[in-house]
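Down below are the structures I want you to see.
Note that chain A is present in both complexes that follow, paired respectively with chain B and with chain C.
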Partner chain A sequence: MNTRYLNLNLAVIGLLLLGLCFGCKPKNAGNAVSGDAAQQVYVAPGSYDEYYNFVSGGFSGQLSVYGLPSGRLLRVIPVFSLDPEKGWGFSEETKPMLNTSHGMVPWDDLHHVQLSKTNGEYDGKWVFVNGNNTPRLARVDLKTFRTAEILELPNSGGNHSSPFITENTEYVVAGTRFSVPLDDQDGDVPINTYKKNFKGTITFVRVDKTKGNMDIAFQIETPGINFDLSRAGKGVSHGWFFFSCYNTEQANTLLEVNASKNDKDFIMAVNWKKAEEYLKQGKGKKVKANYVHNTYNEETHTATSETKHEVTVLSSAELKDLCYFIPCPKSPHGTDVDPSGEYIVGSGKLAALIPVFSFSKIMKAIEGKKFEGDYAGIPVIKYEEALYGEVQKPGLGPLHTEFDDKGNAITSMFVSSELVRWNVKDLKVIDRVPTYYSTGHLMVLGGDTKKPDGKYVIAYNKITKDRYLPTGPELAQSAQMFDITGDKMKLVLDFPTIGEPHYAQAIKADLVKDNSVKTFKLEENKNPFAAKGEGETKVVREGNKVHVYMTAIRSHLTPDNIEGIRMGDEVYFHVTNLEQDWDVPHGFAIKGANNGELLIMPGETQTLKWTPDRVGIFPFYCTDFCSALHQEMSGYLRVSPKGSNVALTFSTGTNLANE
Partner chain B sequence: MIEKDPSTYDPKRGEGKFDHVELGAQLDVAMARKGKAIYDLKCSSCHKLTDERLVGPGWKGVSQKHEAAWIMNFITNPDPMIDKDPELQAQLEICLVRMPNQSLSDEDARHIVEFMRENDGVK
Partner chain C sequence: MNKQFIQMKTDELTSRSKIILMVCALALVAVIFCPIWRIDLDAPQYPEGLRLLIYSNKLAGNVDIINGLNHYIGMKALRADDFVEFTVLPYLIAFFAILFILAAIWGKKRGLYILLLLFVIFGIVAMIDFWKWEYDYGHNLDPNAAIQVPGMAYQPPLIGFKQLLNFGAYAMPDIGGWMFIVVGLLVVYCAFSEWRRKVENY
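Our next item is the complex of A and B:
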């Protein structure tokens, strides 16, 4: 036998022995993994993952994309936050995307992820995400994996119960987390007049079927409370939407105590088909508002920001049959709808049980007016009349629930750090598995659709502690993937994530990967500053504004010698990437630029604004290693004093050495 | 069909979808004009119309030196040909930049050949 193979065999036997030894020890966080876990999540070099996992980047403001089952990070898509690496919010073309009614907002807190759906299943067209801080919705296009649209939400104090969508992506919703005086009211009121002056709103945003463009259809004005999460009905409950509510105490200070007094808060059921009828009947009130709508055009490679001035508002107190409250124990967080649409699971953060509501019972209760009274004009259904049953002793701190393909639900437990699997029909707990540590959101593959894939559940944990090598006081967040194909949930993978992940969703790669754009066609580039070929490169002075129409191709920039720039000028580098091959972006950077770089995809034009701050020679270069002569892909720009008579000249390859 | 074995590589034809290209005795002016537009957009950054090398070699004489099929195969299928063609390998040692795939359609490639012929004096 060849000695090399002998050594290999010995190594394998050694590993097996090691495995056996670990097997003898009591289970702890370090070894609660079964022997075949590595095989399950191993994706060989050069092979593709089976799923794309879109994971919220939390307070990074971005959306991350992982491959599953490997847990490999594939991309971070800039959405609400500046990204100097990709020029996002730094190039002139992308700046308008971050515009709001407050001006340019360079950051947000991205919480939830929703893949677009057709017939209650993912269709692979778009991903919707919410901005929690300065209330916004964004749409990411899965052809380009770039943010295509951002819509600001008026009359909102923070967009948390969002961007949940209906089963055919008819609507994306947004419910305000913090109630506030509405935008057209005088907001200069004492904070302790909350009950009188503060209002909540639920926004329904229409989505164009083919292009995906978002547009506010209507808002529902509600009493001042906090909206936390939401889910659309599906199947039998299509046409309804469910929002969890807390702070029904209407506290305006020390919410930790004062918003936790009531035994029950509410899940608000909204009949959006009814809202559509009211809208048609003209029952909506036109209200003045001020919000922006930003869209990115892939032909001009340019974003535009449009300000809008009006929304249509429906009143939840005045319009009957629009909203109903269902009592739900102790500050419900997740409100999740099972694949059939019949069962609605409320997860009371502070409750010792999980109530499961029945849609058909809710409908009967409404019909039979089984109300215990009303709350600010909205009927409150009797708890027992809406309840299907309760899951007893599920664990501590239930937050979110998703569903598998076998009629079970899996709920994340924040306080007791575990996932708990229970049967939706008999409400009995089947299995529980520890997580490391304090799980927030969880995700089953397809777990919010009509047909969950049910292969894995991933816990997105809030606390990391000892899971990875220490990196100072701040640690990567930890995600844990469990195989759920068998009776017991089995831990198979830990992987670190960016920011603080909240919700995530995963889609079969086959529904997305073949539509992925590889290059933008130069012939279709409609950017007004594009140089389509080196023959169109030029430098044009308009007063103190100088426009450089530049091209990039392996491996030179044209023009690469520019003279005649003067102090006081504003220089705009409009760089067109002439490449037409996949994966050949060029970058552009110039010394002293007090913004980011440009990263220009093949066939695209992007613009960097640069203001010289001193006289001298400024090098510029391509930042993305593009060929063997990448280091040569550079140029010089000469800055002369104000009023200088150095002529404006530009060239490549002709301004040869003078000596 | 992808030929894996370098010994089956035909240095006259190159490798790609084109076998034999019918060229007119006279220049097709309309086609050459279209070829020029593509040249301006996608080729002129690296190729001069004289015999002077810029990033890649100048185009003067190229239509006499190579079969039209070879040119069309090369410009639509550059990477596999750079890996196999003896002349392209020698060029790579001089130029050091692999000619990029500029996503030319079959028609684009034919128009480029006509423009090269015009550049080489075909009337």
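Our next item is the complex of A and C:
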């Protein structure tokens, strides 16, 4: 063949291929970042972020704290999961925090975050989070950024529609994701008797105004369905709570098909002021239950776990005007209330539209008894009588909605992977922007308050793929932040997150940062095992238990030579950090500990239990680089055989050989 | 005019001087309750700074933290109980306040001059004592100290700035010290104007 002819042919084929590459496939929008984005999110070294962003850690069980607008990770707060780094769940003082009626459950699935509110705005006192797996609620104190309390929920199969709160933090709610036979009933029933034996519950947990302590006020027993998400009414709708429900088909197998049959499921409206009245009238039924309540005391630096045996239950079927169902298309996920409290947005995961309900219409419908019937004894309001209007063709797979400061709503679309902004009044779509990829929750700064701070929206995504350098099959999940001050939402930042982020909230740093504790006062330390000075250090044997009252100060542990420990002993190292200076924690670790380490803040006492497994010399040391002589901050412990007559001795600086 | 009379007249303090002396006495009483001197310390890892406040009867500020840091270089711990000055100084200042009142009541220039002399001596002795105290602390180091830098002493400055390893130390009078200095200047001013008045009268 003529080579010139061949070359020409190759050139033509090459051009055709080029044309295919450039001509047919639309350009990827992934690079659509505006020019001034970097400047907008840049927080200079040494400068502070404007907001704290509390992001749920999903299956990590923890709560992460990011700075905004930089997206810098500031801290991971251990909540439901063990954290050997901080000794959380490993130290004797923190072990009771993870106790449940099932014993220690060292992990959970943390989905949602709620900042405490006063008058419908964040007050910067606490963050509430839920444990979806073994139903729990936790409260994080924003003075210490530590978990202060964990409350288990009885009569629940999983706590998903939680921990949403009322506008003055009167209540934190919890709704069961899985209906199950209630705790005081015989649960040994065939699974396919779901309709007969399975029940749902909604729990209202009272919150102490000053201390924040949680306490179950009442539970509402409901028909067996799945509760997904919830939001409190606010302003005009204060006194009501809205829960999205799915599986009204009451399927017990292959839910993806069997729970998607009904054209409409429900949003359940709960009149909690009415519930309070019923409670006062004694209409609640005392029911046996078994659940635990764990609290952490900042004076003793110790958690206690208390078992409780009773809850008060109100029946949704028997007590009138307590609950109403509002039909909502196709297995609603998010149910979100606008800043005024008048509009309730339901996001049907499989719906091609977004229904917006009107609170005043719901009230009128209830008054005029405009019901289409009842579901297990609960009146079902006619769809049209509750509906304000529908957002047409918003996108595919609407999940969650938050609100800006201009009367607009922004809804996340999982299937079409985008955020869609629409006007709450005229229900017209204004703007849409792609996300990378498949957004679950989204968050506008203050987006669930009465006064949203409409600066940014962040999409917390479920799929990451090519957003960052590859790290094997397991990737960090991605979040994207968009500037929403203008007409068009503009992508300004993309950052990885820990675990799987679900809901998140952000608060102005000014409301939190000045209350942040720097050290614990040593003289206020009430831990029974504290040694508040080196003079108080000692080693005490009680049978086979040996208590070491130890102190840590730059750069030595006292005592640092311990002898007379025998095989079969249980050694408790009670380490008090004597420092009273900012950011001087000490750590404590000993060789062969089947346990974590301790990380002890200034003025605090923490305890590590250690059981020697062999005879010999065991070094222990400070793990947190505390000073120039940190490497010298160590000691030795001698383990002798069982029955040995080596005397129990302890010292620092004196146990030197005769020369 | 009778020369004796002039002599007598010129030995009297003006009422302005008497008022100033009374005000000074009050200021000295206030000094007892105010920090007199302060030493500010700055280091890379202490962006918020550390401060040592010296009162007439105690030490205040970040004493424990400073002691904690000083043990590395073998400095003795600062403890108020170790200083006889802290028991004596409040009484000495109170004594001076009384002297000021007495001088004003007596109303004689001689009284004022004696007062000035005593006050200046007191000031000088106090500063020498303070310097000696700083010298002791900065030089009498534990030979077993963790950090030993040959030839390095850690005497903080009496006034002004000095770099001590990673710490910059900045010493200056605090409110009590400034009041003390102002009292001194006022006494000097009174004495000078009284002396000039005598010269002019001749």
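Methods note: the second predicted complex is superposed on the first by the 628 of 659 C-alpha atoms of A that agree within 3 Å, B and C clash if a C-alpha of one lies under 4 Å from a C-alpha of the other, contacts with A are read in each partner's own complex, and residues count from 1 in each chain.
Please note the rule applied: contacts are C-beta pairs under 8 Å (C-beta built on N, C-alpha and C of every residue); 3 or more make two chains touch, one makes a residue touch a chain.
Everything numeric in this text was worked out from a predicted model, so none of it was measured.
Asks: Have a look at chain B and chain C on chain A after the superposition and call it: clash or fit.
Replies: Clash: chain B and chain C overlap once superposed on chain A.
Asks: Contact-wise, after the overlay, does A:Glu523 reach chain B, chain C, both or neither (first, second, both, neither)?
Replies: After superposing on A, A:Glu523 lies in contact with chain B but is clear of chain C.
Asks: Once chain A of both complexes is superposed, is A:Arg421 in touch with chain B (first), chain C (second), both, or neither?
Replies: neither
Asks: So, A:Leu629: does it touch chain B (first), chain C (second), both, or neither?
Replies: Both chain B and chain C are touched by A:Leu629.
Asks: Scan A:Gln580 for contacts with chain B and chain C and give back first, second, both or neither.
Replies: both
Asks: If we overlay the two complexes on their shared chain A, which of chain B and chain C does A:His502 touch? Say first, second, both or neither.
Replies: In the superposed model, A:His502 contacts neither chain B nor chain C.
Asks: If we overlay the two complexes on their shared chain A, which of chain B and chain C does A:Thr558 touch? Say first, second, both or neither.
Replies: first
Asks: For chain A, which side has the bigger count of touched residues, chain B or chain C?
Replies: With both complexes superposed on chain A, more residues of chain A are touched by B.
Asks: Just checking: does A:Glu534 make contact with chain B only, chain C only, both, or neither of them? Give me first, second, both or neither.
Replies: In the superposed model, A:Glu534 contacts chain B only, not chain C.
Asks: Same chain A residues contacting chain B and chain C, which ones?
Replies: 553-555, 579-581, 627-629
Asks: Applying the document's contact rule, which stretches of chain B touch chain A when the two form their complex?
Replies: Against chain A, the touching part of chain B is residues 40-42, 44-46, 54-55, 96-98, 100-103.
Asks: Quick check on the complex: what are the chain C residues that touch chain A?
Replies: For this pair, the touching residues of chain C are 48, 62, 64-65, 68, 72, 146-147.
Asks: For a test of understanding, state which residues of chain A touch chain B in their complex under the given definition.
Replies: 519, 521-523, 532-535, 551, 553-556, 558, 578-581, 584, 627-629, 653
Asks: Can you name the residues of chain A that touch chain C in the complex?
Replies: Answer in residue numbers: 553-555, 579-582, 627-629, 632.
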